[in-house]
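Below you will find the structure I want to go over with you.
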Amino acid sequence: MPITEPNPAEYRSTLRAPEDFDAFWAATLAQAREFPLDARFTPVWRRAVEVHDVTFAGFGGQPVKAWLALPAGTDRPLPCVVEYPGYGGGRGLPHECLLYAAAGYAHLFMDVRGQGSGWRHGDTPDPAGGAPQHPGFMTRGVLDPHDHYYRRVITDAVRAVAAARAFPLVDPARVAVTGESQGGGLALAAGALVPDLAAVLPDVPFLCDHRRGAELATAGPYREVAAYLAVHREHERQVFRTLSYCDGVLFAARATAPALFSVAHMDASCPPSTVYAAYHRYAGPKRIEVYPFNGHEGGQAVQAAARLDFLDATFAP
Amino acid sequence: MPITEPNPAEYRSTLRAPEDFDAFWAATLAQAREFPLDARFTPVWRRAVEVHDVTFAGFGGQPVKAWLALPAGTDRPLPCVVEYPGYGGGRGLPHECLLYAAAGYAHLFMDVRGQGSGWRHGDTPDPAGGAPQHPGFMTRGVLDPHDHYYRRVITDAVRAVAAARAFPLVDPARVAVTGESQGGGLALAAGALVPDLAAVLPDVPFLCDHRRGAELATAGPYREVAAYLAVHREHERQVFRTLSYCDGVLFAARATAPALFSVAHMDASCPPSTVYAAYHRYAGPKRIEVYPFNGHEGGQAVQAAARLDFLDATFAP
Amino acid sequence: MPITEPNPAEYRSTLRAPEDFDAFWAATLAQAREFPLDARFTPVWRRAVEVHDVTFAGFGGQPVKAWLALPAGTDRPLPCVVEYPGYGGGRGLPHECLLYAAAGYAHLFMDVRGQGSGWRHGDTPDPAGGAPQHPGFMTRGVLDPHDHYYRRVITDAVRAVAAARAFPLVDPARVAVTGESQGGGLALAAGALVPDLAAVLPDVPFLCDHRRGAELATAGPYREVAAYLAVHREHERQVFRTLSYCDGVLFAARATAPALFSVAHMDASCPPSTVYAAYHRYAGPKRIEVYPFNGHEGGQAVQAAARLDFLDATFAP
Amino acid sequence: MPITEPNPAEYRSTLRAPEDFDAFWAATLAQAREFPLDARFTPVWRRAVEVHDVTFAGFGGQPVKAWLALPAGTDRPLPCVVEYPGYGGGRGLPHECLLYAAAGYAHLFMDVRGQGSGWRHGDTPDPAGGAPQHPGFMTRGVLDPHDHYYRRVITDAVRAVAAARAFPLVDPARVAVTGESQGGGLALAAGALVPDLAAVLPDVPFLCDHRRGAELATAGPYREVAAYLAVHREHERQVFRTLSYCDGVLFAARATAPALFSVAHMDASCPPSTVYAAYHRYAGPKRIEVYPFNGHEGGQAVQAAARLDFLDATFAP
Amino acid sequence: MPITEPNPAEYRSTLRAPEDFDAFWAATLAQAREFPLDARFTPVWRRAVEVHDVTFAGFGGQPVKAWLALPAGTDRPLPCVVEYPGYGGGRGLPHECLLYAAAGYAHLFMDVRGQGSGWRHGDTPDPAGGAPQHPGFMTRGVLDPHDHYYRRVITDAVRAVAAARAFPLVDPARVAVTGESQGGGLALAAGALVPDLAAVLPDVPFLCDHRRGAELATAGPYREVAAYLAVHREHERQVFRTLSYCDGVLFAARATAPALFSVAHMDASCPPSTVYAAYHRYAGPKRIEVYPFNGHEGGQAVQAAARLDFLDATFAP
Amino acid sequence: MPITEPNPAEYRSTLRAPEDFDAFWAATLAQAREFPLDARFTPVWRRAVEVHDVTFAGFGGQPVKAWLALPAGTDRPLPCVVEYPGYGGGRGLPHECLLYAAAGYAHLFMDVRGQGSGWRHGDTPDPAGGAPQHPGFMTRGVLDPHDHYYRRVITDAVRAVAAARAFPLVDPARVAVTGESQGGGLALAAGALVPDLAAVLPDVPFLCDHRRGAELATAGPYREVAAYLAVHREHERQVFRTLSYCDGVLFAARATAPALFSVAHMDASCPPSTVYAAYHRYAGPKRIEVYPFNGHEGGQAVQAAARLDFLDATFAP
């Protein structure tokens, strides 16, 4: 892929929040909180790193899975990184994501309901179905913000922070959220909806400025929106209205924790301008790592090192 | 595409029905019949052909949409063709499928729940969700035959015949089922589960010999099964057990109405041997049209002419 | 495909007509009229819709095939829709295009000489050959406007309207022309060259602003022009001069019947700006349906519904 | 491309000549001979190699172009290589093919009527047109052997040998024919239809065992046949009957001059078994160079060296 | 990708070792041992897992890099897993591969000279070829076994085991070798050339039965061999002779430690039969995990779990 | 490919030469001149054109191969065209490039070290990297201008002119340099570094404005730079600094011989603006042929004719 846009950093989104955006999420989260969190932790992998199988009550009180990993022999609360997977992936197997535990942190890696059959596997159902949709998850329930798939997932993402904090060896004052692509979009959502996070680290975030994404992306799940609208031509306005409720550009404007973004200028799945759209709106202290010759893989281990540095500084006593 | 298999007509499937196959479907259909059919017909397009919007209670009593088209001015019961869409498509708009009505028959064109956002659009929800799945519909609920997506769709397909028969201007003794690809697979299912059909006309049917399809197809929805198993490696046996409950090879062995099949030898989505697998097992009188240089589009208008000829002969008083 | 051009609606073509453009067509049509039209109609499909096989004398008096379909039992003249196929397709089989007859209109569907082996099949020869050409039809005789393939096809298109009017059950005062892609380009040509049409309905028209098409299209027959010029580098000026004689932008400026256009913003075969180029020049009352998330398939059944609405209003007594 | 067939050298074609095959060609050539050859030679490039523009009367007496190149200052008759272009290419510019002249031979490089706009450019029209065809040349007139495009081209190819012999500095007793792909197929045809050639050198020849080619090729012009039959399903038998009149397998069985073939085992356009099909039937002394890791490009300069060695031995006094 | 070969497990390779195969490697390793190993370990990442930067003298005494990771606070020798990267990748950053250390083992992850610019980055030059560069290694020096790139890499791989054993906290009696793709091929080589390994775990190994790989692979580095021979047609025999010196089929026949293989039946880069070719020849106790619906990614985390189980059993006191 | 950039001719590069650019090359060439040129010529193909195998001492005194071709029987010094191959190709076989000799000139066709396994084959090792190998040269030694692959190749290119002049039948006062793609980039380098050339003829030159090339090219070797930087993210500045030493934009500003450029507007490998970048900076009299509908193949034989015309005019006494 060549560069996908001439000057992506100059782009500013004109997206505006629907009037009831904040009320919508306040009501949604209030409704979720009516279900007890019921976070349960079962150790399943006990080696130099220990991994616990996690179940907590997400949207609708439905059980959501996660892993919680930390160094063996930990005896006092650790800072914790809550991570969300990229599109199509799940939490995988207990030994698949060991970076943060090996680095000395606690790490909660949330499953994404219904996903986890595209690459890294998942274990969490999405017990909801409904109106005709394009294959994939983007358009599941897309005609109404209340039915939309990401309403449920974002609620799960917020509850995942609570679940992490419920673990005895996690220091609830030092929790960061992160993720790549879809995971980055969810991190932005959590950044807006969880008031007291220590840091937000979205990498090449998806779910930002959906219309632009659907117009420009040549790969990845923004294409699902375009494909749906190529059939349901009459629903254009309605679809983008629904999607605005899960738009990272709007969440960014409501997040205040220190943030480390990353963007890749040859990204065909998440056009760089859509990432900058969220970055420019981000309301807290912020920095962005730029990868001019990378595609959607972004900074990978180099960015992981940057994240660890950022977290070390953030979590330092 | 070149020819996809050297001698597809010689292939014989070794697929065997699970012991409770017939009981499973008897119970499923009995359960569906507990809901009144409640078929409603509303005229929406009144021209030289008239099209009625149809709603009937499918699986779980859930409303399923269809169109019923017939020549304007019809005054006595007509033979009826019940048709099912190909994968990803829905019933479309009222004026999209006019062949059978223009040919002088009644035509019920069923929507497929949840689909209809991939190409021709649909209006029927699938109010069920669940375990992690690969994007698409093939693996929705694939770990248990009772949860599997096609249990619901096949039940709808059987009920669609009843809905057609409920229309005053349809002669219930002269109903045929047809469809291309997924529609052909559903026609085979209806052929097995509806005892008194006049004809079964499956074109390049999908949903036949799923393992072989998943191993050989280079395009189309059999790939979803392969993709799911590439992640959920542990579920191989379970997945193919579930899929056997909706396998056209097994339905074919239970169908007895006269049948007209078609097969395309350069078909990358439904490898021709999988079509022959069903054809060889078909228990009624049968014939197959062979298209040696076609891909999954099969015989198109040429096959449509063959179908009309076959129907004329079948329906002739 | 993402959107193919940032702001296609703002584009204005600078194409100018060759000085003898009108004389060229006047002479060409006069020459065609020297051959008696000799339109013959043979019923071949008699059901709820009746279809007649049509032969008429096109360019050079050569026989051109068509279907004429109308509701069975019609007893007084109907408005008629004359339709032209997309590139590579022919008139198909008698039962392939039943929309307009089912809707209560007469419908003449012209074959395109030489084509009809790429998808829907055709029956009309192009008894002309000649200078080296790129495979396909775009560059057949492209070095001289008099030899060019589309001179013959456009003449056929004009004559097709006369053939439709020659059918006893067609009301000659109420004839519209339509078509998708190439068919849309031919509708524009007929719109300019037939003075008394009731409506012109070009969908995602091809044959508009050829140089821009050849520069920007990433698929479809404009690529043939680019491919030809990649070999015959010395003929650039000559080729575009020839092509200007069949350019929809120039025809649009000469057409005055009410028009309904459509354009798709993700169209890789007919870049949307080339469609707007013709639309902006159109000399009659006009409207354009915009499909922002569609490719070259355009509006399909949704646009068909729009066309029927437009025709109903146009043809209403 | 990987190897395209497991053991291509073991394949034997079952193709049989139509009963009138020899009569057909005898009549065709007799008819061509009724037109005087009228070979004209005009020097156009006079340097260390001299190139003459050639025109001779081909099929129907229609003018066919060629280049005749030879070393400057030649003063006694030279052996001559008559070469035919690959599909889509023409004779190009005078300085494009200098190998044989630089090697000290005369070289006549025939244009292929109608082609020469796909890559190397051409100057010879095909003043025939007609029935609907798939873009390209394979199916031009394919419903009748008398109308088929290759009847004209093969006649031209035979006449090209006569044209070469008409040049004063060509030794008519020492003429070889060669070509790659389509050129190789034409060389086989000339080998069968010109009785006194010194050698036949077909490289990765096309036009051999058409049905197998249409079934197995994944690229190249055999696909045109498959594509045509995917639309004109009813013409399968007729098409392959016509194509048998230009099949290299049948020509090979009628050729007796010493032959040097070449074949490439990863050839996606001319499946190697189709080449072996012709090779095994070849009636004269023969040898084949095998390129196990090449695609349709075959042996290129390595094969050129082999051809020069073979010609040196053949033409040695 | 569909399955790439019908019955890959039945394939047996006919590859035979060159007469001096064992002498060649004995001499090569003896020559390498003339350079002191000079393994140096520098801690660079000290967290819950500790990672040491490793340098040791590989082929020609040239410095080769690696990481050695183990749980922080280890105080007695651990079993060790020596791992080799897949083609084009290097050792990456210190925190990129933490599985084995998190699982409680020592882990030496060798860099592959010259590689590490295709995906995971590398730091080891190939001083016969220069600093790390973008891929193209298969044919570096391929005309002579002594010059061939893999002679150097395999020597490095053998020396890497010695380097691991030189680390104070590694138990030299309990060392296993593993890797995916190229890493699996190198593990087989080490399995043959290091006499006292505890286990050999090659996953979807590359470098096995090179001719079959070059003939059948449709992706990956076997294609480089085919591409080279498509140009250097004259070197076919010589190239495969050279490659036989680094062929895993021959190494397998010389390895005796317990082995756990894996193979994927839809693998386009390492055709499954080439993996079975090595497996069938393997001289020690062996088992193979089969992934019928996976491509070259093979078993991923599922296979990692299988490897950990196998290692636990192997290393258990 | 459509046009790759809207207005490429308007682009101006901002690339600036590193301060020591001229000193770097002066030192490099001085160092090369310390080795005697030792040009040796062995006739290997004696026909109407004679071809000599050439060896001369290039960078580091290392032997570089070439062909020198000229008309047989030449008896007085001829003007000479020195040509450099495109990326991945070598000098080929003696009879592969006969144009200039057939046109009456001497022609030295240099091999490019290490290349010549991608298409036309080569015979010159790069002893910093080994015998010819499959592509991957752009980043060989890219971290230091002194180690970089193109420092060696450009030195060879300069020495090739000296080698041509050492041939008795070459007129040293009349030497031109040319080449396509990489060959065009090398011609620009020679144009700057050899003071007394008669002409410089770069066609669709590669190696111009590397950063823009790496950002915009969708094919070809500029992609190697982007791919390298996608892994070695930390070396961005260093890589482009190294590449600036072999940038045709900077060489163009130092060349004064009359020049004939060519550019293709649909070139995906060498974006046209990068060619114009060099053209606009070119310091001598210049002209550029524009091919608006060609890709990287550029003008081919048409441009060859233009080159011959230009050379005739240049070399005329």
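Every chain is named by a letter (A, B, C, D, E and F) in the order it is written, and numbering of its residues begins at 1.
The definition used in the following text is that a contact is a pair of C-beta atoms (placed from the backbone, for glycine too) under 8 Å apart; a residue touches a chain by one contact, two chains touch by 3 or more.
From a predicted model like this one, the values you see are computed outputs, not experimental measurements.
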Contacts shared by subunit E with subunit F include exactly A, D
From subunit A, count the fewest steps through touching chains until subunit D is reached.
2
Pick from B-C, D-E or E-F: which interface has over half of its contact pairs in common with A-F?
D-E
Suppose chain centres are the mean of their C-alpha atoms. Which chain sits farthest from subunit B?
F
When subunit D touches subunit E, do the two copies use mostly the same residue numbers, with over half shared, or different ones?
different
When the centre of a chain is set as the mean of its C-alpha atoms, what distance in Å lies between subunit C and subunit D?
39
Separation of subunit A from subunit C, taking each centre as the mean of its C-alpha atoms, in whole Å
50
Report the inter-centroid distance (CA atoms only) between subunit B and subunit F in whole Å.
63
Multi-partner residues of subunit E (each touching 2 or more other chains):
120, 227, 302
Here the pairs of chains that touch are A-B, A-C, A-E, A-F, B-C, B-D, B-E, C-D, C-F, D-E, D-F, E-F
Subunit F contacts subunit A in the complex at 214-218, 226-227, 229-230, 233-234, 236
Hey, which residues of subunit A end up touching subunit B in the complex?
88, 90, 113-137, 139, 227-228, 231-232
Applying the document's contact rule, which stretches of subunit E touch subunit B when the two form their complex?
1-3, 266, 291-295, 297, 299, 302
Of subunit F, residues touching subunit D in the complex
47-49, 71-72, 92-93, 95-96, 98-99, 101-104, 120, 301-302, 304-305, 308
